[in-house]
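What follows is one structure encoded as structure tokens, with my remarks underneath.
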């Protein structure tokens, strides 16, 4: 009962695009962060799916790294968003315009 | 072969060890602000890394044993390869880090979180050194993130400073997006080829069949499935996009001016020199080894990417330099000019001929420019750090008459700026000429013209600063009471090296050329 | 190693004389088996709730429910009916979907875990290779439900309760998992059946090579972490009645309250099941059939939690955090490395 | 053997079905007597003030959460090692199997120690709480 | 090894002076700058005795005097060497450089009163680059020094200059840099076309002279195009009409010692480079384009003189007249006759000395009167007789009085150009037109002198005018002596020059 690789590809592409859409449209930094995570996990889906397809573990290992990196990114990101909130009392990414954007 | 092999990564290890040592020191005494100790550890670590890198570089690691070298050091089944190119870039990173840490000692002296600052810098440097040696998309990506994550925090390091936080945010947002784009691109390449090691990817592309790596050796996938060129092409384009971010190349350059302007100036120096070099080394290796343009052209389907790079290079050069010419603040001008320099270095990838000498020529030109640039640009930004330390304003006019009060530093700055502009008082002249020659070698006239025009243009806005420093009369009263030792040492050292790179450019270019040949 | 016994659905298929390899049959049989396990657990839980009242009474030297039926056993259906027929009060300004979903999540997440637990006599619904990881995953879903409940019910007590619950769960999750990992080092597999099988030899004399005996240190750690996970004293600050009324469940009534309450106890039961499986040799035991031994072990763990609940004072949140991050985490890391060294030496 | 996830899915169905059925039953049984004041959230009898969903709570919950994210991911990276550890020891010898993990956990420990010393895991109590707490300690 | 010593000593001196305290800087710099003078004099002597017959450094590199040649670096396929040496053309110019620098430094003691150490340091730095320019025989080395001259000059004008110094400095900087870029492009078009790989001047010379089948763009041979580009590039330095506009500003705004260097040496860099690159490497093309080039030269002669007529500012007068005298050099060069080319080269030296002298004199006058306007003063002669005397002498030298260097030079040029084969029929016309230029300058200078020096003393800006200090007048005297010496015995340098240009003019003096 194996699913054809193309479907995984479609799924991940869809998720990636959803994330991208969120990145481009949302102004709330936290939602932005979630969208980025979505994009990263789309990549992970590819990795796991194709590591099954190709029958080597490289992809799964990379997926583990991907998770770890995503977590670290969130940690840093939350920190930055916190100081952002302290300085601008808002998490709207378009509010912070001390310099030209 | 270095024995044991893992010692070949000594440059990276030195950084990492120093970073951990700093954390330990901070754990021993959490609220220490003893800059001498903390900064000392950091500087020592960077110098150690530099020493290791240079020693290995001239110890012939990566040069085949037949030619008196000790061969490349291969670790983790080819995931990391320490060869001449890696060591070349490790040298760049280490020297820039040494300068930056040295200069930071004065910059963060009053700051509460010094240990964190230094360890973040060193961790990022560790990532850069690893990135230089990464021989696989997997290790490349991990090292890439190890470079990025600390730098996000570093840019936003001045928590109370709105500019710094905003810069950090923007840097982080764009960085996060581009790294996920990179990850997705990698996943597509893996989907197409079934492997991530650069040489294996190359084999897959050449043979047109999905490969797999069985304990270190590349072999065709048992199923014998063929490589999906379309998927591969999309993947390559996305990888270019992801890397363009770290190189601060158009169209992913938006963060650069913001981040460089908002960040603490030593960090701007660090990012614009070392981080950029790191971005380029992975690009060089990936596109030289993993996606050989010749094979791609034959097998067809996938993009021939050097056209993409030509467009990127020209666009980056023009946008960077013209934007720089219109700036009103010195730091931002430098930021944009560093975008422009990214364009120059991109020539290294844009003026390729399939393989052989043409490739070595263009890439080594890019590498040489990165090294020279590493010193002159770091020095320039460190001068900005000095100005900020003195409370000099950010606009050109605020630098008026600075030459009277701080002749040495200003002389150094003059050297940096003219060298950046390509006047032959610094290595910048030769590296630019080297690039110029690389473009003519493949008779890419558009690139050559862009290079020349932009160099001429850059002279204009660089000399604005020089004019302000030496010729203009000081406006208003400015008192410079202290002359910070660390910053001065770093700046003067950078200036001296920049000048010495005129007679010494020969070594640089030869090592670079050799390194690319050996890829 | 082959699993000790074929998983439940296939056994059922054999019994029903159907082809155990056709998917529809398997689906059907799986549903049957799942229903069986679910009902089994529910009954157990109902008993547990009765037992809890009895035990607490005994500890506090009272006579608890004894009117309805023998030893008040009939209180169980009585309670069920009573609670189900109560009016459901929806407080003002609750975040409706979250508020409604929370009880569902809490109740069903705990049940999910039992899918991979081998209960002896072939009562073993599924046996995936990643059984242990799966069971940890399901066990930690509950905290999501808790924070949902706490956030949604628009009540400061609930909110604090939810936050505390999350803080506690995350703080003790890592020691829990790391200790479990130390077991995996011995067993060399995440598959439940293999972990059980690995405990089937004898250690010295009559003592079986249960990991509780092989690595008592890990066992102790796991028990403590498990207490925190299921939110029982000394780690019951999420619903500390004397501090924040009833924590996240303050605003819940009627069937929702039942579900949350049930969920907690199923969770306790799941914790017991995990401990029984990876530390106490699963269903292994003399004379009596495996399922009985298995239930005995779970009840043993349950009794321990009840004893702790009555005997150990509650910790403050700051103590909780410090114990978790400074004590348990370090100890479990040490335990992991220690186990690795020992295994490396003997292997 | 057959795919275990079928059974697991089945259990998931059951695990959802049971509570839902209970809800349905109860909704059939229970009365509904809407009445003013009954729906006020419980605040020890006081009139509820403000909404609990907008209150700012202790930042340290974030700290703990971040710490958890980091360490939980580390466990993800540890698990594969634990699974293959036995075979690895027999294959490449103990040191080569163990040392990398020792280094990994060592680095982790350095990080934890740093967080510890810099008070990331110390629960700072408000003065009032401290005053109350002293009596217990 | 002598050349290296020269460079190193001067560089070291520059560093020392930079760090020295302001009040001693002037004397120190002067003292240090004597060492190069001594060295060059010795070299000059050795040259006269040993190498006098040495040919052109580019065409017969075997006989280069004081040559050093070591590989430096490889840029891809190109090998760049450290290659220096002297021949009959560069030797006199080298001597001129060192001597003028010393004198200019001495003459700077009075006018320069702020940031002295930096000023003198930059002067010495510029001297290093100039020495390099005249000695380097490898293109890259040469180019490094060539550009290296600009940066000190930029600061010298920009920091210590007059009221409009910023404008002047920037103008100078931009002009010369763009010029170098154009020249660079032109040269490298040829380099890539003839795929010469060692970038030493002799190698390039042989390659270009023997180059065949160069591509043609829009009907013109690449040689022609590069020639024009390079000519433009160097003509800015010379300067040649119409690329001269930076010069008057630079001269007027620059402090006197700087304009001495500017007029005395920097302009010669242009003609020197023209001789080396355009007229040696691309001799054939130069011969073809001789007439238009000569016309350009003559035009700048007349034009410079005409503009000089319109000036009231002594400095501007000298500046413009130096444009016209550089025009003679072009004329002489294109003649491709021994006398013409030799005279032109000789004129570089002579004009270097004389214009330096003029500027210094004007400077001395300005230091005391604080004005340079012809109308503002008169009758200075009886207040500052020495200065006045030297001024007169200098002016005569300028208008080519016999027994002065200027006379010899211009005489040779005209004689050489009058029947130059390259110019063909137009030669006499052009030459006589050029001569006409002298007359204008001469007349105008006489008038200006008469206005300022003689008659009854008046001074608009009422300053106390006394005799100039000794260290102001001494350099003037030295220069005057040199001018006369060269005028009396032109063979001191003309001889070696003749030998050096002989290969170009078809041998034989």
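All chains are identified by letter, namely A, B, C, D and E, in their written order; residue positions are counted from 1 within each chain.
Throughout what follows, a contact is a pair of C-beta atoms (placed from the backbone, for glycine too) under 8 Å apart; a residue touches a chain by one contact, two chains touch by 3 or more.
Chain identities (UniProt): A = NADH-quinone oxidoreductase subunit NuoK; B = NADH-quinone oxidoreductase subunit N; C = NADH-quinone oxidoreductase subunit H; D = NADH-quinone oxidoreductase subunit A; E = NuoM family protein.
Everything numeric in this text was worked out from a predicted model, so none of it was measured.
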Given chain D and chain E (NuoM family protein), the chains that contact each of them: B
Taking each chain's C-alpha mean as its centre, the one farthest from chain B: C
Chain nearest the overall Cα centroid: B
Chain pair that, of all pairs, has the most C-beta pairs in contact: C-D
Farthest chain relative to chain A (centres taken as mean CA coordinates): E
Computed distance of Cα centres, chain D from chain A, in Å: 22
Rounded Å distance between chain C and chain E (NuoM family protein), as computed from the means of their C-alpha atoms: 96
Distance between the centres, which are taken as Cα means, of chain D and chain C, whole angstrom: 15
Chain B-chain C separation of Cα centroids, rounded to whole Å: 52
Residues of chain B touching at least two other chains: none
Chain A residues counted as touching two or more neighbouring chains: 1, 72, 79
All pairs of touching chains, each written as two labels joined by a dash: A-B, A-D, B-D, B-E, C-D
Footprint of chain B on chain E (NuoM family protein) - complex, ascending: 72-76, 78, 80, 115, 118, 143-144, 147-148, 150-151, 155, 158-159, 165-166, 169-170, 173-174, 177-178, 181, 185, 188, 192
In the complex, chain A residues that touch chain B: 5, 9, 12, 16, 19, 23, 29, 32-33, 36, 39-40, 42-44, 46-47, 49-50, 53-56, 58-59, 61-62, 65-66, 69, 72-73, 76-77, 79-81, 83-84, 86-88, 93, 96-99, 101
Partner chain B, residues of chain D touching it in the complex: 107, 110-111, 113-114, 116-119
List of chain D residues in touch with chain A within their complex: 3, 59, 62, 66, 69-70, 72-74, 76-77, 80
Of chain B, residues touching chain D in the complex: 20, 23-24, 26-28, 30
